[in-house]
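Think of it as A, B, C and D in the order they're written, each chain with its own count starting at 1.
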Amino acid sequence: MAEQAKIVTGIGKAELHRILVRGYDLNKDLVGKITFTDMTSLMLRGRLPTPNEAKMLDALLVILVEHGMVSHVIAARLVYHCAPEAIQAAVAAALCGAGSVHLGSSEWSAKMLTEALPPDSKDPDLEAIAGAIFDDYSARKQRMPGIGHRTHAEGDPRAETLFGIAKDTGIYGNYCELLQMLSKVAGERRTRLIPVNVTGAIAAIALDMGFPWQITKAFALIGRTLGVMGHIAEEIRNPMATQIDAAIKQAIVYEPYRT
Amino acid sequence: MAEQAKIVTGIGKAELHRILVRGYDLNKDLVGKITFTDMTSLMLRGRLPTPNEAKMLDALLVILVEHGMVSHVIAARLVYHCAPEAIQAAVAAALCGAGSVHLGSSEWSAKMLTEALPPDSKDPDLEAIAGAIFDDYSARKQRMPGIGHRTHAEGDPRAETLFGIAKDTGIYGNYCELLQMLSKVAGERRTRLIPVNVTGAIAAIALDMGFPWQITKAFALIGRTLGVMGHIAEEIRNPMATQIDAAIKQAIVYEPYRT
Amino acid sequence: MAEQAKIVTGIGKAELHRILVRGYDLNKDLVGKITFTDMTSLMLRGRLPTPNEAKMLDALLVILVEHGMVSHVIAARLVYHCAPEAIQAAVAAALCGAGSVHLGSSEWSAKMLTEALPPDSKDPDLEAIAGAIFDDYSARKQRMPGIGHRTHAEGDPRAETLFGIAKDTGIYGNYCELLQMLSKVAGERRTRLIPVNVTGAIAAIALDMGFPWQITKAFALIGRTLGVMGHIAEEIRNPMATQIDAAIKQAIVYEPYRT
Amino acid sequence: MAEQAKIVTGIGKAELHRILVRGYDLNKDLVGKITFTDMTSLMLRGRLPTPNEAKMLDALLVILVEHGMVSHVIAARLVYHCAPEAIQAAVAAALCGAGSVHLGSSEWSAKMLTEALPPDSKDPDLEAIAGAIFDDYSARKQRMPGIGHRTHAEGDPRAETLFGIAKDTGIYGNYCELLQMLSKVAGERRTRLIPVNVTGAIAAIALDMGFPWQITKAFALIGRTLGVMGHIAEEIRNPMATQIDAAIKQAIVYEPYRT
């Protein structure tokens, strides 16, 4: 039998007496010495963060933890109620909804920004690039991910907060600027407010920090895992899933048809 | 139609211009001012942590982020390879495996400890309680969650690290002591080493901090979400899922039977 | 390097020009010649069904496909709305809720019945066994899975239909009888109707067919996968997820507390 | 409070004594009288199938049940091993991988075919349309979903079987023909065999039956749910997840880097 070629990973390894993570000894070098936010940088970027990066990462991790009784939270509460022995499955159900429309749109916003403005661009004309993005999406009749928000129609306060921290920490760069420009261009051409939303701001900031576009969704996934656990903790103390079920059933009418 | 009774949540709410989280304004009071670890305390316990609590929480959040190419990571890499447009689903697949046998056993260890030692117990005889747990599980021929580990058969270094921090921060209490005692009793009666494992240590420490037993799995879920994103980030740069598939197929033989 | 021991599976194998399934050639022997219900028997029992078994299996597969806007369907619709590019994740979210409380309780009912009445029991005293189950669950203050239903409090018509088919096909046996007896015993002792429910009937019938208890949940998972796809198909033509979201939000009040 | 507008569904409803499904009474009209395959038509198309349609649907449901130890099966076995108390989560993990690259590509193939050939096209020039698809995907450097297969490089026998049944049942139409033409065009221009694969054939046949493109993935999801349950059933009798884990670990080398 042909020898299987070795598969090489650079992330980590478990041995009898130690766990290695990107060249560090988990127990000796990391736990008790670094924060979870530091660990986020180590896992996703391969190095510990500077103090300014850590401040920015904390903001990115905190910003999507909680947004009220949104779809993902409802899904998690209902699944938990049906399968309380598998809390992990309730969290998984919530994460399944981190897609292109809600929660997970950082990824698609970052993809759009990266394709329009490759990382190594020199002296880009951001207004022209924003216009080109607008034209492209208009031609395909698609929504531009990262701008516009149903609940926060007059401006997403979370985007503003994140951009403020990005400026304070010196991280605010071309991608943040491009997304703001896109919001401006879109607003002018559509003659209504289309403000940058929170997942757009996360996308732009993460790109300005050097993250690949696919990974920008990590902040939503980590944050919302915590958020959902908070809601499940409340559901355990004070169950409301059956009331939620009842509220939905009360709103629904069945009118059969057979296509 | 009968009026639907109101459903009351104490977690949070999204309004047009602000997001409220347990009485705080997310943008004014929290983001940029607190760490993700502080937010973990706020969401799961309803209040910000003391510095010692924050130190302990950071350790609990970091300890399970990475443990090499374990089952959950393999599942996530394979699912990502098949559905790269849905990274969230790859993370969800990994979390689905945080069950009673691996990664998710904190919950079951904490349940066992809580049932044996109710939170308000006065002057408990921990050795007697540990003996009773051992007898109970032996009678039912079940494994005791929180002690023993396949990879770290001579002692799980992560449990030792966590207990050290629990002592330094003054958090180490009856539940930590009870689990250590259980490990000692089990080792003596079975005449082999059955050391406390990492999910057991997380369970005991979280109980000593006052978390309900069901919520102790939160640290595994949050940590592993980050861990899996680290592996997916590597998979994007350096795909190895097809090699993993090939390694498995090479090891498998098909011998048909029809029951 | 030590040679890896071979891992032996009896299910199937893909080759360059054919796919083998339990000794059959998928394309030559199965597709176009058997029904999906036949395939269910082949995969789960290792052999094709008799006509009576096929009739019973069809009923088990159909019975849980649809039950209105239940929790699993709501979860799937909300997740689909957030991530329309990942329909599979919406279905997965729904399946995550096939747990011990709703949809997935066949498994736990079958476990209870198997432990009380091992498969090879001779001339069992079913009334005594039912009484022992009742006493055991009462002592532990646990609900008995397989009897009682919130919506169908006066009797689950699906259980009656399934038992009727089980009698017609000669499948009705000791497990069906035991579950009916348990419902009778529980009803007498609690002096109220506690009828057999649909997941209980599935469990008992599957055991009488010789399925292991863990696998009895398969019918719920397969059926509900179809059911959820039907709802997603409607959601695509006639989106209602945002209305569902709105109905929930209208019913919810936020009253902050900090523990 | 403003009255919540009613939400109208046409799928089904649960009442105290009956369950309604698309205008039928589940217990009186359907269970015991129809097959699961009939129910598939009723749920996804709103009507019961003709005999020829039922034959075709059976083939579509059976064809993807089993393909050996593929990624989805490995993911399910590993997740089951870690969380045996939540079989539903193991199945969900497998379904999460029904994406654009493997198992779930019917959806994307059907989307491509529908966009190139709208359902109401009159006398289409299929060769020209196939050429246009080829040019479009080549320009964007994307793989065309529905043709080409890693394992079945010389032709996917499943696609041939399905097309044969589609011809026998009179279902074979423009979409089947277009996909075959696309395979021919692509093969000629790339001067190598790029045969229609199984998910492509499912897509084309489902479109020729009148299914919307998004729903074509249903067959993969239903079939694989059964397939995975078959593998979990084997895993219960004859556990091999730890051997699979070991085979993977044996193939992996850790070479730390820090980006």
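Brief remarks follow.
Basically, a residue touches a chain if its C-beta (ideal position, glycine included) is under 8 Å from a C-beta of that chain, and two chains touch if they have at least 3 such contacts.
The model shown is predicted, which means the values in this text are computed figures rather than measured ones.
Taking each chain's centre as the mean of its C-alpha atoms, the one that lies farthest from the centre of subunit D is B.
Overlaying subunit A onto subunit D using CA atoms gives a rotation of 180 degrees, to the nearest 5. Subunit B and subunit C have centres, each the mean of its CA atoms, that are 29 Å apart. Averaged Cα coordinates give subunit C a centre that lies 22 Å from the centre of subunit D.
Residue positions of subunit D touching 2 or more other chains: 4, 7-13, 68-70, 83, 85-86, 88-89, 92-93, 96-99, 104, 243-244, 247, 250-252, 254.
For subunit C in complex with subunit D, the touching residues are 1, 4-5, 7-14, 16-19, 21, 26-27, 30-32, 34-37, 39-40, 43-44, 55, 57-59, 61-63, 65-70, 86-89, 91-93, 95-99, 104, 107, 151-155, 157-158, 160-162, 164-165, 212, 214-215, 217-218, 221-223, 225-227, 229-234, 236-238, 240, 243-244, 246-247, 250. Subunit A meets subunit D in the complex at residues 4, 6-13, 20, 22-23, 45-47, 83, 85-86, 88-89, 92, 96, 251-259. Residue ranges on subunit A touching subunit C, taken from their complex, read 68-72, 74-75, 78-79, 81-86, 89-90, 92-94, 96-104, 241, 243-245, 247-252, 254.
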